[in-house]
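Listed after this line are the structures, all set down as structure tokens.
What follows is a pair of complexes built around subunit A, which joins subunit B in one and subunit C in the other.
The block that comes next holds the complex of A and B.
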């Protein structure tokens, strides 16, 4: 096991109370495994990614633990986490393209980053990796503003994997890219794994069709909790959680036109994460809800490697 | 009608602006009221640059952009933004981080809706938020970093909608949303289009571009390589590049390895 996350709870402190954005999530990642993480906007995907590397000031580690390569990560302690960042865990943040310092040339940025980690720059290795993602060497002499979204994204991928971290978390890194660049990025990520630049990976995305091209396993979250986790093909072809089923059936195939057929999303909204009422968080929108759903459905392994948190599925 | 005519953008790059890069090369197309035009093309092909020029955030190097025959440069910015608004690819960079959501709306009110009474204004905001499926409680009174990517993106769409605009530049606005919310936002655009809104829909999601748009423009290295009714572009793409794009679309039940 590269990674073991056990009953992790991370809340945001606000004036109105705690936003329970990650509320008891458990899962593991094997060596070499790529996990696709999906779920409705606001369900806690970015929060989970950040929790594994850096809690921002308002985030509070309320409970649970994270173990990476046999070591318990001190996720609640910003300073103690420092030696792990980039070397053991690396994150490519959502909108990382705007996170690049606009006043620094890219080459200088890379050098400064490595210095801060007390590592030497291996220029040949850097060039080889740029080559792999099809960026010309001269990007190192450019400012971030001179690159298009897709080029920046690939640059960030190279930077965040330069020190061969054990776990890479990629948060929506393909969302702003055109389909052929998406394909290239996904293929590159697989290559990073196959070459051992990273051991395992969490790939956060809204694009289930794309995740299915890359991930071994897909985990679907709903309102701060795990809804379903299974091998990718099972999630796509035989999902058991009602939310996953509705999500998969919302995906349009190429060829549907608004004029001919109006697609529909899942009616209703997710519950507020400030003081959510107990019970299944999907119940207001669930077509199968019954009395029992007023109690929290625990995640249950319904068949090998297939975990579902739903009273109807167990 | 919003019209681009021979629009070109040359960026100066390098330390002293010594080199140049033609990001958009003689682009010409039009958007009629009540019509969605998809703009697709690979990363770096110049899509956002076109969007920014339409929004007058960047001046074209040559060529003209006009609305109903009038060069947009002759219109005052305040009047122009009453007609044309944009929502950008990267919401965190287009949204001033020190303003709470309420303040963002209040600024629009100060500029455009001074006389509107409080009650009416609140109702207007609630309707706009509802249209993008956000509950006011989840977003108002929050700073941008306190929202998830998709929540912020939708907040910005709601802001653009407050103005009863005529044209919307939507640069990858649905890419950060899950499949179900995407459809809601698209259906919202479809409703607005029926009420006369013209939309420049920059997207890489070809399935959804096809779903919503009347016409499609394919951009390749700054040049328009294909332009026509969406069904024609999708069914009989003429340009090799368009065919390549269509072939890269991930299909849920087919793996790339099996397809090739």
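The block that comes next holds the complex of A and C.
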């Protein structure tokens, strides 16, 4: 097991009280595994991604633990977490377009970043990796402004994986890209895994069809909790959780005409995570809800590698 | 690059032309006749002699020519480096008066502008990272930047000069001294320089500190700073990057503030009776001395334009984005 997350709870401090954005999530990640993390806005997927590398100022580590390669990560302590960042856990951020310092040449920035972490810059390796993402060597002598959006994205991907981290978190990195570029990014990430640049990866997205192309396993979250986790094909073809089923059925299929059948989506909105009522958080929108749903459904492994948190599925 | 500076130089040229024209026009629109006041000072009793003197003066200063010819002549003499003769300190040439006054003004202006900018930026950057420092630096800076130059100058002259008697309140050096290259004279010079310098420095300092603090806080929240933190870069490196980026708007601010700073210095000089351009301008206005006023303003305009040009060049050096804009971005 590369990564072991156990009952992780991260809340946001607000003036009205704590928002329970991540409320008891447990899962594991094997060596070489790519986990697709899906769900709608506000389901806690970005919070989970941030919790694994750097909590922002409003976030609070309330409980649970994260173990990476047998070491417990001190995720609640910003300073103690520093030695693990970049080397063990790394991040490709949502904002690749503006992730690089605009007043430094890229090569110099990379060198200064590595020096600050007491790492030597292996220039041949860097060149090889630039080659891999089809960037010319001379980007290192350029300022970020001189690169196109796609080039910046690829450059950031190279920087983030330069120290061969055990875990790479890719947070919504395809949201701002067109479809063909999305495909290229997904292929590159797969290549990084296959070459051993990263041991395992968490790919955060709201786009299930894209996740399906990349991920070995898909984890669907709802309102700060795990809804379903299973191999990618199982989630797409035979989902057990009613939320996953609705999510999949609201995706359009290529080649199907929607003249007779309208895409409906899922009616209703996720509950407020400020003092949520106990019980299944999906039950207000769930077509299958019954009395038992007033109790919290525990995640149950219904078959091998297939975890569902629903009373109906178990 | 050449096009960029070509355009800049053209704009500076136009500004210079406009400034010289306005400088020529404004004193002549002031009420009062300088020749009449010179005659009054000359105390000539006989009407014939007075008339002869009037014709002589009018001819000497060219006031008998039509206005457009006076204007063209002023350009002609400007290019010959001839600023004319002062009416107030007749018959001293304006150029002599200016060369005596300009060193004093520069000695006040250059250190106070540059030092307040550098120290203010450092102070603001420090305040942005320490809560305690922020709580003291910020209010003090707000008070300083809201203070009018002449008020702080008057307050300091009164406090340190009159009440405490530690510093002299007037002049560039003691009346008992004659300018010479001696140690005593330099100490005396510095002693007289310190109060006007400090008042200029302090007022300008507040504005820079506030500006820098705000920009640094913004930069530390920016995407590149977040990315660096996520990759575990030490705060030192992130702050260095943030400072570098935050300096850019401060340089623009310096270009915009130059005129205000110069005006502030002129007023300060008057408060301390410092023998720089400010005192000279006051005397010129009081005595309707067209040529002295024109000459002094010309120096100020030239100074501000040159300083702005230097800032333009510096900006191109420190911000790669301006250079990219000139060369056309590579895909």
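In this section, the second predicted complex is superposed on the first by the 305 of 314 C-alpha atoms of A that agree within 3 Å, B and C clash if a C-alpha of one lies under 4 Å from a C-alpha of the other, contacts with A are read in each partner's own complex, and residues count from 1 in each chain.
Just so we're on the same page, contacts are C-beta pairs under 8 Å (C-beta built on N, C-alpha and C of every residue); 3 or more make two chains touch, one makes a residue touch a chain.
None of these values were measured; they are calculated from a predicted model.
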Partner chain(s) touched by A:148 [first = subunit B, second = subunit C, both, neither]: both
Subunit B versus subunit C as contact partner of A:116, first or second or both or neither: second
First, second, both or neither for A:72, with subunit B first and subunit C second: neither
Which of subunit B and subunit C A:238 touches, first, second, both or neither: neither
Chain touching more of subunit A, residue-wise (subunit B, subunit C): B
Partner chain(s) touched by A:172 [first = subunit B, second = subunit C, both, neither]: first
First (subunit B), second (subunit C), both or neither touched by A:128: neither
Which of subunit B and subunit C A:91 touches, first, second, both or neither: second
Subunit B versus subunit C as contact partner of A:53, first or second or both or neither: second
Which of subunit B and subunit C A:294 touches, first, second, both or neither: neither
Doubly contacted subunit A residues - partners subunit C and subunit B: 95, 98, 142, 146, 148
Residues on subunit A engaged by subunit C in the complex (per definition of touch): 53-54, 81-87, 90-91, 93, 95, 98-105, 112-113, 116-117, 142-143, 145-146, 148, 156, 159-160
Residue ranges of subunit C touching subunit A (in the complex, touch as defined): 222-224, 226-234, 236-237, 241, 244-245, 248, 318-321, 324, 329-331
Of subunit B, residues touching subunit A in the complex: 11, 13, 21, 40-45, 48, 89-93, 133, 135, 137-138, 145-146, 148-151, 154, 172, 175-184, 186-187, 190, 204, 206-208, 210-212, 230-231, 234, 244-246, 248-253, 255-256
Residue ranges of subunit A in contact with subunit B within the complex: 12, 14, 38-42, 46, 56, 58, 94-95, 97-98, 142, 146-151, 153, 172, 175-183, 206-210, 212-213, 236-237, 246-248, 250-258, 262-266, 269, 272
